[in-house]
Each structure stands twice: as C-alpha cells, then as structure tokens.
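For clarity, chains are labelled A, B, C and D in written order, and residue numbers in each chain start from 1.
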Amino acid sequence: MNPGVHDMLAAWGPQAGHVAWLWNIFLAICTVVFLAVLAALVLALRRAPRIDAPAPPDLSTVNVPEPRLRRSVTMAVAITIVGLLVLLAASVFTDRALARLPLRDAVNIRVTGHQWWWTVTYVDGPVSETFETANEIHVPVGRPVVVQLHASDVIHSLWIPSLTGKRDLIPGRSATLAFRADQPGIYRGQCAEFCGFQHAFMAFEVHAETAENFARWRQLQLAPAAEPAGAQAQRGKQLFQSIQCAMCHAIQGTLAQGKAGPDLTHLASRRTIGAGTLPNDAAHLASWIADPQRHKPGVNMPANPMSGADLAAIVSYLGSLK
Amino acid sequence: MRQGPLGEQPHPHKGRTKDGLAGGELVARVLDATWADPPGLWGWFCAINHKAIGRRFLVTCLVFFALGGLLAATMRMQLSRPGNTLVGPDLYNQIFTMHGSTMMFLFAVPVMQALAIYLVPLMLGARATAFPRMTAYSYWIFLFGGLMLYAAFLVNSAPDAGWFSYVPLAGPAYGAGKRNDIWAQMITFTEVSALLDAVIIICTVFKMRAPGMTLNRIPLYVWAMLVVAFMIMFAMPAVALASAMLIMDRLVATHFFNPGEGGDVLLWQHLFWFFGHPEVYLIFIPGLGFMSAMIPTFARRPMFGYTAMVLSIIATGFLSFGLWVHHMFATNVPELGKTFFTAASMLIAIPTAVQIYCWIATLWTGRLNFKVPLYYVLSFFVILVIGGLTGLMLASVSLDSQVHDSYFVVAHLHYVLLGGAVFPLFGALYYWYPKFVGRLMSERLGRWSFWLMFVGFNVAFFPMHLLGMNGMPRRVYTYPAEMGWGTMNLVATIGAVTLALGIFLTLVNALRSARHGVLAGPDPWGAGTLEWATASPPRPSNFLATPIVYGRDPLWQGIPEGQPDHVSGLAADVREVLCTTVADAQADSRMMYPASTPMPFLAALATTIFFVGSIFTPWAVVWGAVLVAVPLVWWFWPTQGEAQEELALEKLDASLAAEKP
Amino acid sequence: MNEAVVRGRALDVAELPTVVFSHRSLMWWGTLGLMAIEGFVFALVIASYFYLRSHQETWPLTALPPDLLWGTINTGVMLASFLPAHLAKRAGERMDLPGVRLWLVASVLFGIAFTVIRGFEFATLNVRWDSNAYGSVVWLLLGLHTTHIVTDLLDTIVLTVLFFTGPLDGKRYVDVSENSFYWYFVVGTWLPIYFVIYWGARVV
Amino acid sequence: MSARLACVLLAASALAACEREERHFSAEVQNATGGATAVRRSSNQPGMALGGLVKLADRNISMYDDNAYAIGEGKRLFRWYNCSGCHANGGGGIGPALMDSQWTYGSDPHSLFDTIMQGRPNGMPSFGGHIPEDQVWKIVAYVRSMGGAVRSDVAPSRADSLYPGKPENFRSPQPAIQQGVSQSEQPLSPLR
C-alpha cells in the first residue's frame, strides 16, 4: 500500500514550503561553516611540525601577546556572529511567513488524539452539518484548513511532514494548527509525541481533493449509514448492534452508539484501518477484528473470538458502509 | 599545647612529625601510613580517599555506560528491519527509557564528576577533596540508585515513559504499577549525589588550591568543572523537585499535573527542561575541559587565549539556563517567547565557537605529538561541529516544527553528546590512564579503537538525519515496510555494531595495559599541570609536600630564583591539609581531616532504605528519616581521640589568642 | 605571628591557625553551597505556585485562604529567634563556652516552639494536599520549609548535647557559628514563603 | 538458613513485582464455564438485546487482583462502558455504591462476575455477550479495588480528572468484602 507523501522537503503546501526554504538556507550556511572549520583544522595540522617524544614545550608565548593569532580568531568570531544573525533573521522571517497564512473561508476541523488513533470532526456550519470520522482528514485543495487540537488522554503531536510542521495536542490545553494543500494527493501524517505502546502505529492520512470531490465526500459523510443489501450483511448489522462491537463503536443510523472507539459510519470509504496499521480490505479487516493485538499489541480494542460465519457477516456489513 | 574547653588533654605525641621535603623517605612513609585507607574488605567499605572513591565512581559509571550501550544495541537490532518482532512495544519502551535514563543520569554527568573527584585535587596540588566523607557518601548513594533501577529492570518494573517522563503518560492515570515511581526515585538518588559532589568540587577549588594558584592560574579543566558544579547547583534542583511532584501525584494523589484539578501538564515540561537543557551543557562543558587539558600537552605550547576560554566557559554556563523552551516549541507557548529562545539558543554558539577557534590557533602554532588522545581530540572538531550546526536548526522555531521529535533530533543529540563528551572522554581516559594505573595504554589498539569508533559512529548516526526528515518519529518500536526506512535503519545498525566494537577494543586495551602496558613514570606526556608532578599512581597523600605555583603550567614554567618551591609544616602523622584564600590562594589556615570510616556507607544504606521504602508507603518518609538520622549523628559525633589530635594541632587566630590565654 | 614563613626552599605553615570562622573556613563554604541549593528549590516551588495561579481565573481555586493567626504568630517567633541564634554565633566566635551553652539552649527552645506552632499552621490551611493543585503546592511549600526547621532543630539539639558532654575542641565553635548561619537561612527563607502562602491566596 | 529464607522472600517479592507489572495484551485468560449455562437476571441489556444464556465464573478467583495494568484497564472500561453512569465513581447514585460494605448480591469475585454477566433485577443490565469476559474480569478486579480489596501497590491512584474522593490505592479494605482468592495464590493459575 502506498503510504502517501511524508517528506519535509517534498513540500506540497505553503507552510512546509516556507520551512523547506529555510532548511536550504540553514543547510547552505552550516555546510560552509563546517567546511571552513575543517579546512582551518587540516591546515593547522599540515602546518604544525610533528614530533613524537614529548619535546620541551615552547614557552615563548607565556605572557607574550600573539597579535596575529588574536586577529584571526577575532575575525573568525566576527564572521560567526554575522552568520548567526543571518540565520536568526531567516528564521524569524519564516516564522512571520508561517503566521501569515491567509485564513479566509477556511475549513474548520477539530482533531482529538486518543491512544492510538485520531477523531476528526468537521465543525463548519450548523450542528446538522457537522460530522465525525477517524484517522483520515479530507481537505479541499487551495483552501486553508484550521485544525483545533485536543487530547483525550495523554499528549500527542500532529505532524504532516509534506504539508506542515507539528503541533502538540495537550490535555487541558487547546491549540490550533493551520495549513493548506496546493496539490491533490495523499499525505501521510503521524503522531510525533511519544504516547505509549502504539505510538509507532498512530498514523493518519490527509486526502487533498478538488473542490467538487471534497464536496461530494462531505455529502457522503453527512449521510447516515446505508442500509446493507443482502442477507449476510443484514445479519452482520444485527450482530454488530448486539455483541461487543456496539459497546465502543458508533454507526450513525443504527443502535450502535459507542463513543470509545472510532466512528465506523463510513468505514468502507477509508483507506486504512487501525490508524494506518493495515490496508482496509475484507481479509485484513477480518483478521483485525478477530485479534487486533496481533497487529497492534496493546491497542485498546480486545480480541473478538467468534465463529467464521459471524465474522464474515460483520466484515461484509462493514464493507458495505461506503 | 592547648587544653580543651572541658579540660580535654591534647594528644601526647600526635602532630609532632611535620611534612616537607626535608623529612625525606621517613616522612614519606609516615604520610603514606596516615593517608592510606585501611586494608581488607572492611577497609574497602571505610575508604574515603578521593582517589579510591574517584576510581570506583569512574568504573561504576563506565559499567552503566556499557549497560546503556547494550540496551542501545538491542534497540538497533529491533529497528534494523521493518516490522521486526525481536522486542515488543512494552519491552521496547522500557529499553529506550532505560537507555536514556542510564546515559543521562548514571553515566554522562556522574562520569564527569567521578573524574573530577579524582583529578581536581591533584591538579590543584591538594591532598584530598573538601569533605572526604561526603565524597564517599555521594558515591554510595549513586551506586545504590543505579542498582535499584537495574534491579527493577530485572523484575519487569523498569520505567517506560521515556527519560523525560512526560505527564500524563508517566502520571498516576496512565502509568500503572511502580515503574515510574522507580524512575522518580532514581532521580532523587542521582540528584543527591550530583548536588553533593557539586558542593565538594566548588569548595575544593575555592579553598584548597596550592599556594600561588591564583584564579587566573587555575587549569582550564578545573575551570570547566567549577562552572559545571555551579550549573548543577541550579539545574538539578529543578528535576529533583519535578520528580518529587510526580511521585506525590502518583502516590498521595496531589494534583500538580492534573488539569482536572487546576494542575498543568506543561509545568512538568518547564521544570524538566529547566534542568534538561543545562544538563546537555553539564555533559558538554567537561568535554571542553578535556580538550583544553590535552591540546596544550600535545601541541607542546600553553593554551592560546586562556582568558577568552575561561570567559567562554562561564558565558556558556549562564546562557544554558536561557534555552529550555526550545524543547517545547511544539507546545502552545507564546510565539514572542519562542523568538527570544531562538535568539538565545543561537547566541550560545558564540562562546563555543570562540573556544574552537582558540584550540585551532593553539594547534596551528604548536608542534604536534600525535598520540591516541589527540585523535579523539581532533574527532571533536568533526562530530561536535556537525552536532552544533544541526543544533542551530533545532533552535529555529519553524525548522524545529518539522524535525522536532523526529530521528533528526536523535542524530543531533548523539552528535552533540558523543562528539562533545564521549569522544573527548575517551581521549581523557587514554590521557590520564597512566596516572590512574601507572602504565600507558597501547597506541596500536588505541588507534584501531579510535577509527572503529569514529567510522562506526558516523555510519550509525548520520543516516538518522535523513530518516527524520523523511518523517520517521522518535521512540517508535518498529515501522511499516512501505515507509521505506528499512535500508537506512539497517545501515545505522551496522554502524552501531562497529561503534560498539571500537568501544570494546578500548576496554580490552585498558585491561591488557593494566598488566603489560609500558611503565609511565610521573609525567609520560611531558604535560604542564600539577597532577603530573606526583607519582603514577599517586601516593595516598597525593604530594609528599604541597607544591607552590608561579604560573599556569607549573611544571613547564618552574620556580623563579630564590622563591620557595614547596610547603612544609603540616602534620605528617595526622591527616592535616592546607586551606588557602579564595582569590589569590595564599596559605591561610590548617585543617584536620577525619579518619577513614564506614559511616558514609551505612548512611547511604539507610538513605536507600528510606528512598525505596517511600515508593511503597508514604510512611517510609517518617521512619526512614529516623533511620537516616542515626548514622548521620554518629558520623558527626567526635571521639575522644579525634578531639585530642585536634587539640594537639590547634592554633588560634592572633585576635582570638589575644583574649584567650 | 601565625602566618606562613619562608624557610629555605620551603614555605612553613605550621603556625597557621586551625580555628577560623566565616569565609575563611571550609565549613562556611559548604553550608553556603547547601543554602544556595535549598534556596533555589524554594524559589522553584514559589515559581510553580505562581505558574499554576497564572493559569486560573479563580485563586485559591475552590478553597478558602489559610487563616492568618498561627502563620503570623510563627513569623513573629521566627524573627525573634534571630536573636538567640545571633548571640550563639557571637559567643561561638569568641569561644565563650557558657555563652554558647546558654544561647544554644535558647535556640533549641525557640525551635521547639515554632515546630509546634507549625502543626497549627497545617491544621488551619483550609485545604488538603489532595483537594486540588493549589492545596498540593501550598502543602509542598509549607512541608519543605518544615523539613528544614526540623533538620536544623535536630542539628542544634545534637550540638547542644555535645557542648554539655564533650569531647570538645576549638573546631566545635566553628560548628556553632555555622549552625546559627544556617538558622539565619531557615528564618530568612520563611519570610517570602509566608507571604506567598498567606497573602498569595488573598492579594489578587 | 536465614540466607535461604532471604532468597525465598526475595524471589517472592520479585514474582509479585513481575506479576504487578505484567502487561497482558491478549486475553489468554479463560475463567468461565465453557458453554453458556445461566439465564439472564435482567431484561435490560446494552445495545440490541441478545437472546440465549450467559457464562458464569467457574472459579472464585479474581483473575487480575495482582496486576496493576489490568486493574487500570478495568478503571478505564468502568468509565467507557458507563458503569459510572449509575455507580458514579463507586459512590453510587442510581445504582448502589461499590466502596461501602453493603453488597446485595455478594462481593466475592464470582458473584461480581455473575452480577455483571447476568445482570440483576431492578436495573443492573446483563452484559453477558456484550463485554468480552476477560474485560469483565478486569472490571471485577477494579471494582474490588474500589472497596480496598486489592494490595495498595497494585490498586490505581487518582485519575486525571475532577477529584472523586480518595484514590483506590488509599481505600481501606471494607469488612464485608470477601477477599476471595487472588490468582497469585494459585499454584497453576491460568495466567502463567
């Protein structure tokens, strides 16, 4: 499965772009400094005569000033300071540029971090217009996105290398992060603050789409779950609402209203399950439901021992939730 | 001869034999007998001689270094290929927490203090550290703290929330069991030890320098350790306090970090990084000290720009307290504040640059005696400089927002800490080994070890910069194959193995050379500072007669015509030392030192019971305090004999003597 | 008399004093070091107090401010205890045994007095350490200072007993001086702590 | 002799520590009768009602009494499954309190397990089939900790939330709570 773009230098939005620009400046200046120091060192080593036994020390410099050396060192320090000022200026300039992202007609999203997955809530418009999904953020290309960051348990950190730098989600604090995607595509994001057993598999995806695709997706998400066609899927729905599934998961338009786990109303429309752990297809879904601990040890979803028929039924039901 | 206030009689004969070169071999033997720790196993527990303690301290730290290294190797094995299942997430979290905590709290800072405990008195021409029993106590407490941590690891109770123990993950709600209480208490142990050693080093440097060693003649290494000691006094309390708050939150339900009850999780980060950032410089500045000690010796000339060097070290010490927020750029602290911390973080590059240029200038105008220590010194210029430059990148708020908490940071911090501290430390071990052991280490093995370490290090850590920029976060126990991080991780693992091999070679070298090394003699490198003026290894009293100093490199600059060259008149049959004035080190007073005693060991044992007990019940604070008080009072209480010896040596100040007949 | 004299190539220090006070004594520097550390811990706790306070609209959260009575009385008693401490120090530096004994005993009595009053202070804080963050930080602050009081009280008691039983020598007078020096510190640090605990919860 | 005793004690404490700190990810614990044998005592069920019988505890052992992580999980599930909705934080409300000494249906492990699985008349829903039994055992252990029935070095401390009174690790054992048998006393407990 192609994981999506995840490289801070492969910048596909203005925020990551500014930082990539800053990176190049830092890289250039630092490389020059590094080479200069090495050159000075190598020259010093080539120039200074070798001796192997500890010869008597050269005391000619005791209490005698060394004007030439002092001049060179002072010069080097002066150059260093200038270099640092340039870096500082570039850095501050970039900070300002990042802060200046125009936010007119922004898409407002609330992202809540959990151990080890993400709730994504689209909060624009009246309550009837808001909806919730998980581990997959869809954004329209060219429109700014303002993300309100919350944490439900421990500290997490939202990072989408190709779109924007990271920002922590801190319990008891609120923060926002603004970015824009300028090219359609799939960008991988990941939790960047150590948050327990499955910090490693706490990923998500940003799907940047054209305005109309985004609108279509949005309409789809607003709708309640489709009524499954076919006996097996029907039975799957019954099972889902009666056994443990419904205790944690919600499927809008059914009796399943659990709030502890990801909302599954449109599960089949997502690319991954388990917060980027597995691709979302029938086989993986079945094996995930049967025993998530095999794929993501420590995850809060328990193993669900059940007959093959039941499992198949539930999988086919979930598969129908486009 | 004076009488005691309660009619105590002065000791009949003690204190008659005085030291000084005039006394010859006889006095030398008396001095050895006086200053030697008692023999045998019991004597081992009574030892308070700073060389014995320093040697043990050093070895203990190196053992912890090896353990931390093994943990690192395990992590590299686990990460060598995607989806590896060598260790699961639970164990991995314990391992990387143990690795970080071990390296930071049980190796990097203590090893520097251990060397200082051994070297500083020798470099100052003193007979011992100030407060020798406290020196021993701080070693024992450190040892027991480390043992507790590893004992916990063996019974699956190792901390698992990272060496930074961020709440709430490490707090009561998400850190089940005792794992993070163990961490918090390990902090208490190591902080007590570090703080006591800091006070000891400061007092030794201020009051116990050889006559004539004015402030502007103190060796640069000692200056570095002095600054470090001051930094410890103001950095370590922060983490000690934070860990106390943490353990109280976990055990007695206080709410310091509970947002639900008015607490704040960022309070932890502020307190922790107020310690955590200076911590980096606590590790790095002694490295600078090693550089400044070795470069003049191997360039065969005095250090260029002594004053600039001293001022730079002090400046670094001060500035290091103004940077902590750059570890919190990803949190929602005010933007303006962030800019300030960016500026401060860049500012601190200047004093380091000054020192680097002064060293290059010294090498430039010197004649090079190319021995293994110099190799390690030179590697500093490659590795540390790279680490410092990536540090500038992390100092920039916006750049940090990308690389923060990614593998880029892992690469950066290892470039700084290994380049700035471990490589110079290895140089220092090769440099001072003959002083500890009396024999030189093998040059050939040394060069092999160096090149393996140097190449291995860069192969292991350079790729991590790229991994970080490619989106690989820190502290992950594995990663999916499709991320394409596999190859570079494999390379890093190969590098790590090479590095480990190089370190192992140095170990072999040290063990072999202890037997078969070339005899060193007092001054094998022809160095200029006082530790080389005495035998290798030094006699129990360090110096038969305290030297007198007339320059920055006493052994090079010698004694001016007609000036005295040593101190005489201190008791040889009683542990008597000379105290000098703080600024210009004039002989000022005499002081009697205590005899070797097991009290430090017993007190440390009691303290350990206290600390470990309080992990399980708050009441341990009460009965533990009583338990600790007993050996401490015993420790303080003078015996009849001590009082008599005191009186035998006692002289009052002129003013007092006037009114006391 | 009693300074180092040059004899040939040697600097003879046999005549230097062994009993020296304040900045001439190693002890003084050691005590100063510990004071710096502990003082900084107090400073950090106070900083934490105001940090937590700065993130709240209401302070002291849901609790009532502590009653002023006992805390203020204790402040008075502590300030008064400067005197015996100071006189003990002076007597020590004059090596005057009766004086030392008298003022050490006085200091011990004062120490006991405000350890007892401290008990009442805890009782009238009007908050528990586990009620909320305010309670936690106030208990921590008061608890830390109490630890210092108790330790120094024990030191003083031990020293007093020693001065009645012996064995004594000149160096012990230096201990008296240092003990009082540390006492100054404990009392000195109390003043800011008093204002934080008792007025930090009142003054907005 | 004393040395051997010391070794035994050390080993014992080490084992205790090991079990306290274990993180059991997958439910290798089966401590309920193989087939469902008991009727539900409550018509009230979460989600869509399940027909059929429920399982009962087959041993009077509280599986997780010595495991801090599992009890912590129990505490989380107690919130997730909204037990606190009726029992508050053990203080009681719509449902009875769980930290006092009145236990209508018995407070030993198997009674607690059965109460959760079968439900009880007038209110307590029957969770059999709605919660995996391994999780039920975790909740059982947590409920026991509310009454101070588990070791204080294992019981959870305060939550990161509003202060709900004494944390579990400070509760003194309620006289009426039968201690039952905790699995570390089982030579061949199913956890090993």
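The working rule: a contact is a pair of C-beta atoms (placed from the backbone, for glycine too) under 8 Å apart; a residue touches a chain by one contact, two chains touch by 3 or more.
None of these values were measured; they are calculated from a predicted model.
For subunit A, the chain whose average C-alpha position is most distant is C.
The interface with the greater number of C-beta contacts, when A-D is set against B-C, is B-C. At the centre of the protein atoms shown, by the Cα-centroid criterion, sits B.
Chain centres here are Cα means. That of subunit A falls 52 Å from that of subunit C. Subunit A and subunit D, compared by their mean Cα positions, are separated by 37 Å. Subunit C has its Cα centroid 30 Å from the Cα centroid of subunit B.
Work out the mean CA point of subunit A and of subunit B, and you get 38 Å between them. Among all residues of subunit A, those that touch two or more other chains are 171, 197, 297-298. Shared contact sites, meaning residues of subunit B that touch two or more other chains, fall at 90, 168, 173-174, 249, 253, 255, 258-261, 263-264.
Multi-chain contact residues of subunit D, defined as those touching 2 or more other chains: 23, 25, 158, 160, 163, 167.
All chain pairs that count as touching, in label order, are A-B, A-D, B-C, B-D, C-D.
Those residues of subunit C lying in contact with subunit B across their complex are 1-4, 6-20, 23-26, 29-30, 33-34, 36-37, 40-41, 44-45, 48, 51-52, 55-56, 61, 94-95, 97, 129-137, 139-140, 154, 158, 162, 166-172.
Taken in their complex, subunit C has these residues touching subunit D: 130-132. Put simply, subunit A touches subunit D in their complex at residues 171, 197, 238, 241-244, 246-248, 255-256, 260, 291, 293-294, 297-298, 300, 302-304. Across the complex, subunit B meets subunit C through its residues 2, 4-6, 8, 18, 20-22, 130-131, 195, 198-199, 202-203, 206-208, 211, 233-234, 237-238, 240-241, 244-245, 248-249, 252-256, 258, 261-264, 267, 270-271, 274, 545, 548, 564-570, 578-579, 581-582, 586-592, 629, 633, 636-640, 642-644, 646-647, 649-654, 656-657, 659-660.
Across the complex, subunit D meets subunit B through its residues 14, 17-18, 20-23, 25, 68-69, 71-72, 152-154, 156-163, 166-167, 169-170.
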